[in-house]
Amino acid sequence: MSEAPIQHPPDIYGQVLKVALPLLVGAIFLIVWQIVVTTLGVPKFVLPAPTLIWQALIGNFWSLMGSLWFTLTVTVEAFIAAVIGGVALAVLFAQSRWIATAFFPYAVILQVTPVVSIAPLIIIWVGYDNVRLALLILAWLVAFFPILSNTTLGLRSTDHNLRNLMQLYGASRWRVLTEIQFPGALPFILAGMKISGGLSLIGAVVAEFVAGSGASTGLAWRIIEAGNRLDIPRMFAALGLLSVLGILIFGVMSLIEYLALRHWHESAVRREN
Amino acid sequence: MQMFAPEAASASPHTAKPIITLNGVTKTYGNGTTALRDVDLAIGQSEFVSLLGPSGCGKSTLLRLIAGLGEISAGRIDWPQTAHTARGEPEHDIGFVFQEPTLMPWATVFDNVYLPLKLKRMSRRQAAPIIRDALTKVGLENFGKAYPRELSGGMKMRVSIARGLITRPSVLLMDEPFAALDEITRFRLNDDLLAMWAGQHWTVIFVTHSVYESVYLSDRIVVMGARPGRVTADIRIDEPYPRSEAFRLSSRYNDYCRLVSAALHETMT
Amino acid sequence: ADTKITFVTDWKAEAEHGGFYEALALGLYKKAGLDVTIRQGGPGIDNMQLLAAGAVDFAIGSNSFGPLNLVQAGAHVVAVMAASQKDPQCLMTHPRPDIKSLADIKGKPVMIAAGSADTFFLWLKAKYGYSDSQIRPYTFNMAPFLVNKNAIQQGYISSEPYLVEQQGGFKPQVFLFADAGYPSYASLVMVSQTMIDAHPDVVQKFVDASIQGWYDYLHADPSPADKLIEKDDPDESDGVIAYAIKTMKAEGMIEGGDAAKLGIGAMTDARWKTFFDVMSKEGVYPANLDYKAGYTLRFVDKGLALAASH
Amino acid sequence: MSEAPIQHPPDIYGQVLKVALPLLVGAIFLIVWQIVVTTLGVPKFVLPAPTLIWQALIGNFWSLMGSLWFTLTVTVEAFIAAVIGGVALAVLFAQSRWIATAFFPYAVILQVTPVVSIAPLIIIWVGYDNVRLALLILAWLVAFFPILSNTTLGLRSTDHNLRNLMQLYGASRWRVLTEIQFPGALPFILAGMKISGGLSLIGAVVAEFVAGSGASTGLAWRIIEAGNRLDIPRMFAALGLLSVLGILIFGVMSLIEYLALRHWHESAVRREN
Amino acid sequence: MQMFAPEAASASPHTAKPIITLNGVTKTYGNGTTALRDVDLAIGQSEFVSLLGPSGCGKSTLLRLIAGLGEISAGRIDWPQTAHTARGEPEHDIGFVFQEPTLMPWATVFDNVYLPLKLKRMSRRQAAPIIRDALTKVGLENFGKAYPRELSGGMKMRVSIARGLITRPSVLLMDEPFAALDEITRFRLNDDLLAMWAGQHWTVIFVTHSVYESVYLSDRIVVMGARPGRVTADIRIDEPYPRSEAFRLSSRYNDYCRLVSAALHETMT
């Protein structure tokens, strides 16, 4: 029984197409948009043409980039906090059905409470000089639930034979968690993170809408400002940057998912029969 | 060559120094299926016991209960010789090869076999030669880097066997470990298992559907009857170890096989 | 048949829209041959964008920025009447000796709503040297203001001070921008240029009836309007409405300033120029902006319904 | 081989506890809240005592109920639309990796575009007399993504041997979908629905915040209004109703999940060993 | 009793009217494992062919390729007698019992067996007696309402067998179907299978690790060698059907078994 060693070649061709194809669709979409807007003469207050948006983007490039950076940092921090918080809570809930039963409804309350109405409380609580912290908390609130929910399901879905095996080896809860439950729950956790990535971004933006001030100058601020001035092309430029950021985050999450699951999970494995 | 009535099993003079005793063990699953009813059994220290019985009679259930997986509906299982941990749990050192391979799909073959050693806090480097050795024994020396989905059914089972044996447990429970293997590999692993058993004074409980295999391997064969599962025959194979191809060709081997077959037939009609 | 007009306000029904409701309640629009429906605004109704997009023809603009923003954006919408001569926008503080005027607030944290940083705050920057680093978030909830003795926040003179007295149990210091020369109008009636071009008579009738409505609301019985207001927004209590009317009268918001001579709804070129000059100096608008395209005096300043007392 | 017939008894005791336990925790939580607020003398416009909130709830019962009903209907409609839309899109994406690759980024754009900034556009688009439709669209936008994302993962995770089996039987795509992929994806879909249930609610509320006019009088309006008036107990009463609604939706989803999965999925099955 | 060199296989006078022909079939998986290399094989109409070979030699791979699951890396597989559908796909009526049970975990035993009939648009009511019959044949008449997780390993496999046979396919591919079953059940199912095969003129390709089983069942045994898999022996069992216990006790049976064992041994060394 001798054999060439096992090797796992990457699928570079597929990876390139994964980027090129949506770009192509995007280009077609923009062209159609441009044509429709110009031929129908849609007023730019309703829907500005892509060329106008592009001009606005170039014209305000650096201020928009600064705002993008601000929003990005809040997003990333909120996302990391959401992942840590969601997974930690899910781990706690997975330890006992009773804890989960007793406290899950409260996680739901956190999810369904509109940030706009608890923003004042949080501002009082962190002090109104700590706007950034307030934004982080609010964005976290928006983003953490999908991770909690999906991770809980994932941890509960552990192959029960593998759990038995761990029990036989006298493994501690912690080891069961790290060796079996966590890797097994990975597809679920990553799916949750894919959802939460976008929600962190939207959370950072909404938080800035409801609790932002002149000191915080993220994309939300640009959108409000442009909206107030009825500079709709600039607003769309900011929205476009937001979309690009969202797709970027999604792309990164998809890549992580692919790397983590490609060797074993049905959803990522390239099947040969 | 002796055959005991089931009720005499635990009183058998051959079953000296029991390491596991089952008394009136009954298992009823939540859906109402009674998998085991009133099973009495005593497994002696260092015995090699084969468990035979029709499909669905409760062999796997029995093995799991012995291992402490799942709750017993009635009766009790004791480990009279086993120390207990501070938390009151028996501190036995069990190896279990499940009926299904039960591998971690996200881990390579190497990492799957490494798992028990990892849990004993052995470093990867320390474990590597041991694992390589175990993989060579089951003919998978080139597949350490493969993932379970890249293996054939029999190869997966062999990984599971390698994992079950790697800690050299003092009590080994095996649930049809060789069913998916070709005869040649099976025979080789049979002999390997026997050699390890003889060298280490293990206690083995071995579920199989092969009468031949059970006679070749064990010094005692327990035959179970169909649902609700119970012990219907308890046959001692009084043959010296080490056993070899010569035993397989002997007429006594054939006689034993016929005897076990007959017991199996009886239990199913 | 009567001309159908939909008129969108800038918030849910409140006393600040009283004159229009009065005109509706008393049938003044009807008499002028107009079939007016008043639509309440709300947090999500952006009148400026609705006007710019041509989705509505008549709407209220909250301040003088609206028309100029529209001009800058290239939309053809014109302010035809300023229902309120004074913007009710103000800053409030707890009673404290160190602040006696808007100038004293320079350098201190101020809670400002997201949308306000590029409206009146620009004027505060220009006039008093405020800076962006003073801005703290205001979410239209006054709890943070009430619990913090050092807090300063924005407000509408006709509502927030009342709530502070009611809920906080103290009388805040109030600094009305208009008193310090803030040149913005408020409650501007804005109409699309196409409407003005096609039906100037309709616009004139609407303005005239609205002026009469305002006059009646302040000098006759306000209850017909109040009933409509309470019907549209049941949460609007009598106390709140009464306080608002009292304030509007006391501050001369509707009938003070130019309106005293020119009649309710008055606008003047001078006032618009002042506003534009301040804001263009601040860099809000380019100096060459044709700000005059944002308003017209054609329909107002006719001395209509001047109070007998004046 | 004769046997008592297979029976699957329900676990009533556990079901009762599932309701009682969180209620108990809730009661303790409220009592602690009451004590803290009264002993520390927290002003009621910062954090009103539960008794005050209760009074506000009773005092404004019918107006709050009316708002609750309004929000609930928008939520339910948006949720149903999100489930249908999310699953349908996921099914489309599951038909071909190329479609998924090309269009998934655009689904992400829909997710990360803040409703507040497209609210005006949608209002203009649906006509500003159709505020309710605008609310629906906005709430849908908030809610659909988790279902899309989870369903896509679920459909891709189908046991590949079962797919092979279907292929052997010459089953059409549609049958593969209904017989194998869909049931197999159910745990993922239901997890997505659990997340989206809450998001529909928050979406309905946020939509009302950003696109509501006088004509829409859901809970968001009560919250804004009470907040503006500094009637914080009333605001908390509205928030409380929102939470109750959220928990109710979550509870219903959990029940559906339990009923659908209890016989077979690791996460719901009561294990006996 | 004849033994053909592999290259002579397709030319064998016994392999009349081939229904499936494999020419130079090679299968290399994405990770570089060559599971099959240059396999030539012709399966005759109504033949009962057993496939034997060491674990991991490519038996399952071969079966899957024949069924049209997965792409062939080189060579070709033809169904010379089979009509093609409009879409150009061969219109054969294959039953496949996978090596693993491959049941739908969310469906009851009844529904799992119902699946192929459902796909043929047979109503539940029409199907019910057929399914009950099939379940009785595999000894699961009382488990129609059970879910797969409530079954033992052997029981799951029996459900899979019932499902594979329920459509009475003209070509039946079975991958170690009886490995997890006790001898008695296995013998009974062996006989049932033979009876069905004889009655319906099926073509059967049957993977097994049991030399005994292969000799008892088949009229041809193909032995495969280890990786890369290829055909190393092709043995015809020239014994009349129906076969019975008498054949099992005959010396010719033992001779055949020894011959096949020897071929297997050879291939592994």
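In this document, chain identifiers A, B, C, D and E correspond to the written order of the chains, with residue numbering beginning at 1 in each.
In this text, contacts are C-beta pairs under 8 Å (C-beta built on N, C-alpha and C of every residue); 3 or more make two chains touch, one makes a residue touch a chain.
Labels paired with UniProt names: A, D = ABC transporter permease; B, E = ABC transporter ATP-binding protein.
What you see is a predicted model, and the numbers here were worked out from it, not measured in a lab.
Here the chain-to-chain distance from subunit D to subunit E, counted in touching steps, is 1. Any chain touching subunit B that also touches subunit D appears here: A, E. Counting steps between touching chains, the shortest path from subunit B to subunit C takes 2. Top contact pair of chains, counted by C-beta pairs, is A-D. Separating the centre of subunit A from that of subunit D, both taken as means of CA atoms, is a distance of 18 Å. Chain centres here are Cα means. That of subunit C falls 85 Å from that of subunit E. The distance from the centre of subunit A to the centre of subunit E, with each centre set as the mean of the Cα atoms, comes to 49 Å.
Separation between the centroids of subunit A and subunit C, computed from CA atoms only, is 40 Å.
Shown for subunit D are the residues that touch two or more other chains, namely 1, 3, 5-6, 46, 116, 120, 124, 159, 164, 209, 227, 265, 273. In subunit C, the residues that reach two or more other chains under the touch definition are 46, 49, 53, 139, 141, 143, 147.
With touch defined as above, residues shared between interfaces to two or more other chains in subunit E number as follows: 29, 31, 33, 56, 64, 69, 100, 139, 146, 150.
For subunit D in complex with subunit E, the residues that touch the partner chain are 1-3, 5-6, 159, 161-162, 164-171, 175, 179-180, 183-184, 186, 263-265, 269.
By the touch rule above, subunit A contacts subunit C in their complex via residues 43-46, 116-117, 119-121, 123-124, 128-129, 131, 134, 208-215, 220-221, 224-225, 227-232. Contact residues on subunit C toward subunit D in their complex (touch as defined above): 8, 12-13, 39-46, 49-50, 53, 55-56, 139-143, 146-147, 159, 163, 166-168, 232-235, 240.
For subunit A in complex with subunit D, the residues that touch the partner chain are 17-18, 21-22, 24-26, 29, 46-47, 98, 101-106, 108-109, 111-114, 116-118, 120-121, 124, 145-146, 149-150, 153, 156-160, 164, 187-188, 191, 194-195, 198-199, 201-202, 205-206, 209, 220, 223, 227, 235, 239, 242-243, 245-247, 250-251, 265-268, 271, 273. Contacts from subunit B toward subunit A in the complex involve residues 64, 67-69, 94, 96, 98, 100, 102, 104-107, 115-116, 118-119, 139-143, 145-150, 167.
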